[in-house]
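In what comes next, subunit A is part of two complexes: it sits with subunit B in the first one and with subunit C in the second one.
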Partner chain A sequence: MNDLLLDIRGLKKYFIIRSGFLSGRRSVVKAIDGVDLQIFKGETLGLVGESGCGKTTLGRIVSRLEEPTSGAILFNDENVLLYGGEQLKNFRRNVQLIFQDPYSSLNPRMSAGAIVGESLGIHNILKGKEREERVAKLMEVVGLNREQLGRYPHEFSGGQRQRIGIARALALNPSLVIADEPVSALDVSIQAQILNLLKDLQAEFDLTYLFISHDLGVVGHMSDRIAVMYLGKIVEMTDRKSLYKTPYHPYTKALLAAVPVPNPSVKREKTVLKGDIPSPINPPSGCAFHPRCPFRMDICDTIEPELLDKGGGHLAACHLSN
Partner chain B sequence: MKSDFWYRFLKNKMAVAGAVVVILLFVVSFLSPFISPYDPNEIDLTNVLSSPSEDHLFGTDQLGRDVMSRMIWGAGISLKVGFVATGIAIFVGAILGAIAGYYGRWVDAVIMRFVDIMLCFPSFFLILAVIAILEPSIWNIMIVIGLTGWMGITRLVRADFISLKERDFVQAARGIGASDFRIIFRHILPNAMASVLVAATLGVAGAILTESALSFLGIGVQPPTPSWGNILTAGKDNIDIAWWLSLYPGLAILITVLGYNLLGEGIRDSLDPRLRE
Partner chain C sequence: MHNILQVRDLKTHFETRNGTVKAVDGVSVEVNRGDTLGIVGESGCGKTVLALSVMRLIPEPPGRIVSGTIMFDGIDLLSLDKEEMRKLRGREISMIFQEPMNSLNPVLKIGDQVAEAIGLHQGLSKKDSLERALEMLQLVGMPSAKERLKNYPHQMSGGMRQRVMIAMALSCNPRLMLADEPTTALDVTIQAQIIDLINAMKEKVGTSVILITHDLGVIAEAAQYAAVMYAGKVVEYCGVSDLFSNPLHPYTEGLMESTPNIGEIPDDKEKRLTVIPGTVPNLYSLPEGCSFQERCPSVMEICRKREPELKEKVPGHQVRCWKQE
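So, the complex of A and B:
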């Protein structure tokens, strides 16, 4: 359980935006600003944060769909950012993505079977009958019929489409699956089915998940450890239990307070966030969270808190608990 | 989605009329050896410039050849020129548009500036100049019309690629290790074909018109090979005594071009009703 699978070190992704036609003024969006993250074999690491905090970008960088500005990503102790050509192609077999929107993640002009089996052709795995059989198996594994192989995406429902997306991700037998908001585009009743499917598949195929979501309820259901992201930085990271029991960062507290509870008579401490996430073009000084923080202190305006161990491996970046 | 298309298409009477014209032209040109009443090149000097009659429905020309037969054979020439020229235009346009849209940055800038330069030339005069230098054969005409007509398709395909390449299914294809070639031709291009199809249909009409004009000017399809354009040339010389030599090929060109335009616009409207203006 404690074998390191993926080690992200000092990852940064800056987007440069040119504004003005002649002036050539540039502003920099710090989508990811120095993230360190470890993922261990067989676990599910949940990554939560509001939209725009950089969590999707992080997933795309790890799967090498986007290049970071700086940093290193060690996968089985090799820096995958240095990969190119064949090495990169082989790396892609190990890391697969599940996308948020099942309506745009499937090619409308390809049948379900062609979508699921495409990667087997690209990597020259199995031929003819054997490949067909594997694709059919994959369909069954994700809860679809092999009779549906010839159908096109528009003939499936949203939940079924997401299952096809999952089957596509599994086709290459990856060790790490990055699930980028895999259920947020689905109905609540379907969400539970897909989440349970992901859990079953994890047990069956020894998968490691990087589970990205804005919904702490969903992440809590899925994850062993949880990292909370705010404006391109990890602000708190620990195992699920201690995050729920003793959240240090006021942002985490606010996210936890936003999770609906089935029992309406339960009284909870309410932390309601004011305002929107600030623009990453011009992040606030000091602690990026201070303009929205209910417990803001003077120090927060000027000095950026470091991500420190608050005991028992519970990391948090907040002056309050220092 | 497919049945929606046919439903909207069949409801559009003008589009159906265009389709009927186009289908008729196909039938006529494929069956021309069987349905033309005379050999199109058979000269009958005893029967020069005779007006339409039972023997010669559309009359005869200045060499006594049957105009109807020549027009039936000319339909095949028009069709061939239209499709081959448009095929060349699509081939060049789709590939350049795909590369420009997919790779972006300087590749895009270079290709699109080249498109702008090509669009600056008045294409008909460019064709005239090229044909004047080269030999005016039917193949040269097709190639030149094709190579001066790809720019619009490049722009269309590029625009589709720019929006489609950001879609998740393209990212997913990259994620499973698909090559650029595969992504461009297997994933994006099939999704960009709808607008190409419309442009192609309209392009066929344009190519037929250009071919007729060139033949009319005597640098297109060379006699004795029949073409609507060179029948018109004969008509021009004899317009005061043989109206049928001008009227019938002129009508044929008009109806054909109209038919393709109606069909193309019908396809466009049926593919996406929001495009209808």
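So, the complex of A and C:
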């Protein structure tokens, strides 16, 4: 459990946006702005945040679908950002993605069997009968049956399609699986089935998960440790128990308070955050959360708080608790 | 009269190449004045078709309201002709949708869009309509509302667009508002703002609300009564506190157990969620008997033969289940 699998250091990703026709005005979106993150073998690291906080970009960079502006990503102690060619191909065998939308992430013109087996062909792993057998096995592992191999995505329900996406991710025996909102497009009853499947697969194949979601209930149920992101930065990170019991950061508290509780006798605390998430084009100075923060102090306007240990490995970036 | 809306035995069916889909099949619900009725269910259970039937916005063909009555404050909506219904819609009954981006006109300014309905229904001049539109935007908490009048939808965030939709829906002080998954496309902190806004506006404007959602948490926070729908039928119907303290239908129980709750983060990470096995049945070929039989943990012989009726088990608490007979 304590072996480091992935070590992200000082990761930044800036997107340049040209606004205005011909004027050539350029502005910078700081999608990821200095993220340090460690993922250990066999654990599930949950990454929560609202839309636009950079969580998806982080997942895409880790899988090298996107190149960062600066920083390093060490996978088994090697900086994967320096990889190219054969090395990169090998790395991608080890890191696989599960996507949010089971409708748009499967090629509608390929059969389920072809989708799941495609990567085996690309990496030249198994051939002919053996590959067929492996694909059929994978289908069964994710709870589909081998008779469905010849069917096309439109013949499956949303939950079944997500199972195909999971089988595809598992085909190459990866060590790290990045699941980007894997259940948000699914109905409640199907969501629970997929979450259980992900847990079973983790135990069976020794998988490590980077589990990205906006749903605090789902993340709490799935993760060992949880990192909360706001405007491209991690503002709090700790094990799941203390995140829900003793949240430090006012943003985490507000997120937790905003989740509707399925119990009418519990009245939600009205610390409803005012305003919207600021644009990452011109993020607020100092602590990026200060315009929405109910506990703002003068220092928050100018000086950005660091992510510090508040005791017992509970990290938070907030002046209030310093 | 106590209730503002009374739906009786409503059946809305769709004729398709593969046969008849009974999207809403014998639904009876009521909305009391000033209350919010929550309608919960998963995709395809008929909750949106129910709302569209009340609005008389079912595309015909392929859809058809086969039978039933929809009484709105003493008027049978199903007996109205197109013109009469059009006058009611927007003024007396309004609706907000899940995707605030798709429901606003991208090439019209926000102010003009909100003012349009006001001008149409209240016969106000362009200037007065805009004035009223500004009032409405301020009422729903739109920051710098005056400048926002001139904005186009793409210049606003999802939460602000939903505020515009709510301002538009409430601009004529309707007696009933239907909200179809109004917060599903929004982030949690914005969702909380919009739920509070709907609750507050209900008080201020005195509108009754039908709130459609798949999220039991939203129901608990915003509704007084709830109807749980499954495969076109209401399977449980009661006050919200009864629903959560004493769920009677196995589907309702299953929904509650399968939702990960932040109040109950398990100590053991290996703990699995209790699931409802299988998937929603195909509406083209529903099984004989109870629609939920294939997924039910306590299915009995009779469930496969005869369909249970929606019956009052405890006063004010109706359930459609043989186990409760």
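Basically, the second predicted complex is superposed on the first by the 312 of 322 C-alpha atoms of A that agree within 3 Å, B and C clash if a C-alpha of one lies under 4 Å from a C-alpha of the other, contacts with A are read in each partner's own complex, and residues count from 1 in each chain.
Please note the rule applied: a contact is a pair of C-beta atoms (placed from the backbone, for glycine too) under 8 Å apart; a residue touches a chain by one contact, two chains touch by 3 or more.
Note that the coordinates shown come from a computational prediction; the quantities given were computed from them, not determined experimentally.
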Original post:
subunit B versus subunit C on the shared subunit A, clash or fit?
Top reply: fit
**OP:** Please indicate which partner A:108 is in contact with in the superposed arrangement: first for subunit B, second for subunit C, both, or neither.
**Re:** first
Subject >> Contacts of A:157 with subunit B and subunit C, given as first, second, both or neither >> reply: second
**OP:** In the overlay, answer first, second, both or neither for which of subunit B and subunit C A:65 touches.
**Re:** first
Subject >> Which partner reaches more residues of subunit A (counting touched residues only), subunit B or subunit C >> reply: C
Subject >> subunit A-centred angle between subunit C and subunit B, computed on Cα centres after superposition, in steps of 10 ° >> reply: 80
**OP:** Please work out whether A:97 is in contact with subunit B alone, subunit C alone, both, or neither, and reply first, second, both or neither.
**Re:** first
**OP:** Scan A:218 for contacts with subunit B and subunit C and give back first, second, both or neither.
**Re:** second
Original post:
Looking at the overlay, does A:258 come into contact with subunit B only (first), subunit C only (second), both, or neither?
Top reply: second
**OP:** Compute the least Cα distance separating subunit B from subunit C in the superposition and give it as a whole number of Å.
**Re:** 10
**OP:** Could you give the residue numbers on subunit A that contact subunit B in one complex and subunit C in the other?
**Re:** none
**OP:** Using the touch definition up top, name the residues of subunit B that touch subunit A in the complex.
**Re:** 1, 167-169, 171-179, 182, 187, 190-191
Original post:
Okay, in this complex, where on subunit A does subunit C touch?
Top reply: 44, 50-51, 157, 159, 187-193, 195-196, 199-200, 203, 214-218, 220-224, 240-241, 244, 254-266, 268, 270, 272-277
**OP:** Using the touch definition up top, name the residues of subunit C that touch subunit A in the complex.
**Re:** 42-43, 143, 157-160, 187-193, 195-196, 214-221, 240-241, 244-245, 254-256, 258-263, 265-267, 269-277, 279-280, 295
Original post:
Which residues, counting only subunit A, touch subunit B once they are in their complex?
Top reply: 60, 63, 65, 88-89, 92-93, 96-97, 99-101, 104-110, 118-119, 122-123, 154, 165, 168, 171-172
